[in-house]
Amino acid sequence: MTNTQVTLVQIDNYGPWTVTPEPRREADLQTLQSRLYADISQFVGNRGGYTFFTRFDNIIAVTNGLSMDDHELLQESVGNRYPVTLSLGVATGTTPVQALADATALIQEAGSAQDKSRRECLDGRTIEDGHRTTDDVQIAHFDVIDATGNYTDELNAFDTFIEIEQGYAELMRHMRHAHDSLSFFVGGDNIIVTCPDLTEGDYEDAIFHVEEAVGVELQVGVGRGENAHDAGFDAKHALETCRADGTRVELEWK
Amino acid sequence: MTNTQVTLVQIDNYGPWTVTPEPRREADLQTLQSRLYADISQFVGNRGGYTFFTRFDNIIAVTNGLSMDDHELLQESVGNRYPVTLSLGVATGTTPVQALADATALIQEAGSAQDKSRRECLDGRTIEDGHRTTDDVQIAHFDVIDATGNYTDELNAFDTFIEIEQGYAELMRHMRHAHDSLSFFVGGDNIIVTCPDLTEGDYEDAIFHVEEAVGVELQVGVGRGENAHDAGFDAKHALETCRADGTRVELEWK
Amino acid sequence: MTNTQVTLVQIDNYGPWTVTPEPRREADLQTLQSRLYADISQFVGNRGGYTFFTRFDNIIAVTNGLSMDDHELLQESVGNRYPVTLSLGVATGTTPVQALADATALIQEAGSAQDKSRRECLDGRTIEDGHRTTDDVQIAHFDVIDATGNYTDELNAFDTFIEIEQGYAELMRHMRHAHDSLSFFVGGDNIIVTCPDLTEGDYEDAIFHVEEAVGVELQVGVGRGENAHDAGFDAKHALETCRADGTRVELEWK
Amino acid sequence: MTNTQVTLVQIDNYGPWTVTPEPRREADLQTLQSRLYADISQFVGNRGGYTFFTRFDNIIAVTNGLSMDDHELLQESVGNRYPVTLSLGVATGTTPVQALADATALIQEAGSAQDKSRRECLDGRTIEDGHRTTDDVQIAHFDVIDATGNYTDELNAFDTFIEIEQGYAELMRHMRHAHDSLSFFVGGDNIIVTCPDLTEGDYEDAIFHVEEAVGVELQVGVGRGENAHDAGFDAKHALETCRADGTRVELEWK
């Protein structure tokens, strides 16, 4: 049974900061957001977690393996090197959505995202070392079948992008509502989803649903592990099996 | 009349590189993609352009003000500092979609995105200095009305994200098909769109369409200029007017 | 008694890479070197260590608290994100110079710095958790007394720089030959030294020696700890005491 | 006749910032300093200039080709993305030291480096486009003859570093006092010097002086150009000639 530890990272008072005293150059905001995300990805990733850029001012991470001290260090390091600060909420749950909802509530209770007095909140709980198992995290790595042949080398780059966005928008809603899962576009034609215990049939349904709804053909590799990196790396290997064998769903532990 | 210069930046042979000789750590790919995007954003932004992360292996930029020599320098600098290389296609057009389609075709003609012998292509044309006008670029900056009050402080962070994604997916298709425009989510609740000459009515229609289709309420500030930064900065100011006055559409040049 | 764990990080085949097939833009080499150093500083620093840029192609770190698995992860992450790779040698010793000499020998035995077939060597040993003590690391943080008043606000910026460089060059040789210590300029007017067990008298001698030799007046705060961060943070506080009280040498544990 | 444009970049109020309200983690300061330097190196380098990290809180650049508007943009961009701000002084002179002295004076007149009310000063003048010539900048690129064979593969990494530091300290003082030149260690065994019009004999003297004083054997390639990149790239090629032919001094324009 999965036990996903989810962290919500929210930049404090970001909206007002971006326009005070005047609006800031957009290219600079994009650079700041991307580099901040990259730093969080390295910090969390080096401890076995996965970080998803999400909305950039609100970033969601699967943090099994990180302690509250680790979260505090991340917060301190960012506070030392950026013109903004972070609030962090950490929670665990039998489904990723439940954990994320609890993590969000911790931050919301501390104060509004645009409350200038709410700074560097840190609240929540992590899974104690003795209670971690290799079933805690289930990661599904979807990609579009032959995106390069069907889209990238054929359509203009924006129409290719639209197809992939529509596929993502459909999958994200389906996986959240049907399976309490959190889906994230990670670049190219790849979507990574953190799931509770799902079956091969659940993944086949998801693929069928997206193909029916928007005409985008997905395949998926799924892995399990004690943390997101272990689960996700197995999922990547399972996806290679899909590519090699032409299958649509591969579970690495079968 | 707009004359948008669009550059498509495509990482050479990226898909195969990410899994050769073995799949690479996901957190490292995310960090690499984000930092590469941030560097391109700085380079282009420091010359008055706007860069949108799009799919990270395919990045779209509005590059009025950049010459072919500038593009060549960007390509050389990235080649010196990253384990991947870039191909660049540059084109102009009376609509952004037309320019982007031509830019894409230049790269597609050079070779597949996964053709390992296609490296560092650079092709296209820029607008000569003497032919540039302050009408060349039209930028519309949309955001969700009171996203913080309606979503961020109320829903869990993923459900907020779903709302914003659905709003974006709807707007992107509408603006592309009805108005040959290119729309990009840029973080938070913000979407920046590069447009041809559109009217106040066109923007009202777009907002109405998105509200009807998915229930997300947008407002928009629009600016014009010789380059994306000038147009976009005016658009940001127009958006501040929406916030202050409670209006839905503001054109900075009225 | 100190037990310093030192890691030598050496970029593989860097000299040839910088000029093959042609020399590369100097500004790009500087950017690459600095960002690679910054990443190593974050990775090591987040585990309680200190990293010194040294010669940029050869970087020295005090890595008490990092395991061989941590070193392997650092190597893998850099290999995924940079156009160069790293070799790492790790050793411990009762003096920092001894540890650094052993770490260097491990890499030299694997192959020349310009041997293109020597890639990603990883060799050495770390201190086992059960054997670590709060005396393992001694860090001395020197700075120039009132550098701002005496130099920065008075001389041209290069003549200020010369004074500080001469002070550093003198201190580094003295501390290495008299005390088997490793000294590193870390910016501004600051020099951080990793030492074996030294006495207040040893530090007074060092300060006297530098003042006699080149006329630069230093003060120093010293700390001890289980890792470089703990020792160094105490040293920073001790230095604040020097500034507040006008003393030349402060040991935080007295 | 050279006409070097030099910019002094000074972080505002940095010393106090690093210890307010408490000292900050050293690894974070190192990361911040290095990444800020890397960004300045890219900005200046993309316009044909060279940037030297110097003391990190005081950075010296050769900026022929950059206008005052360029300097203002750099200042604005850093202010948007870092927790610190920059003051910039720009000057030109027939010798680099003269230009640097004037640039320094501009900032000193605006206020102390630790005056918390002195923020984002920008003062000075650049060379007008019509007055630039291909003789404006002379760059000399020194390196240690066979550093790898003589030092890196033979001595421990700190003793190698000491040798190179001593060579640098000697060369920097000689070139400043005898030739009004600014010398900077740039990593590895490389030192780049920005000079006025010097002769082959001047470079031979410098090499002889360093060898006599500290026993370090240097070779040098020299180039001239309208900006630092042009001059420096020629210098790199001249240095390759030294390596190939075994000569000690090569001037690229002979």
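We call the chains A, B, C and D, going by the order they appear; numbering starts again at 1 in every chain.
Rule of thumb we're sticking to: a contact is a pair of C-beta atoms (placed from the backbone, for glycine too) under 8 Å apart; a residue touches a chain by one contact, two chains touch by 3 or more.
The shown structure was predicted, so the numbers you read here are calculated from the model rather than taken from an experiment.
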{"item": "Chains touching both subunit A and subunit D", "value": "B, C"}
{"item": "Of all other chains, the one whose Cα centre sits farthest from subunit B", "value": "C"}
{"item": "Superposing rotation of subunit C relative to subunit D, computed on C-alpha atoms, to nearest 5°", "value": "180"}
{"item": "Shared interface numbering between subunit C and subunit A [over half = same, under half = different]", "value": "same"}
{"item": "Pair joined by the larger number of C-beta contacts - B-D, B-C", "value": "B-C"}
{"item": "Between subunit D and subunit C, distance of the C-alpha-averaged centres to the nearest whole Å", "value": "22"}
{"item": "Between subunit D and subunit B, distance of the C-alpha-averaged centres to the nearest whole Å", "value": "37"}
{"item": "Centre-to-centre distance between subunit C and subunit B (centres being mean Cα positions), rounded to whole Å", "value": "43"}
{"item": "Shared-contact residues (touching 2 or more other chains) in subunit D", "value": "25, 28-29, 31, 35, 42, 45-46, 77"}
{"item": "Parts of subunit A lying in touch with subunit C, wherever the complex brings them together", "value": "39, 42-43, 45-46, 73, 77"}
{"item": "Complex interface listing, subunit A residues touching subunit B", "value": "8, 10, 14-15, 18-19, 23, 25-31, 33-35, 37-38, 41-42, 44-46, 49-51, 53-58, 60, 97, 100-101, 103-105, 108, 112-114, 148, 152-162, 164-166, 168-169, 172-173, 176, 182, 186-189, 192, 229, 232-233, 236-237, 240"}
{"item": "Subunit D residues touching subunit A - in the complex, by the definition given at the top", "value": "24-25, 28-29, 31-32, 35, 76-77, 80-83"}
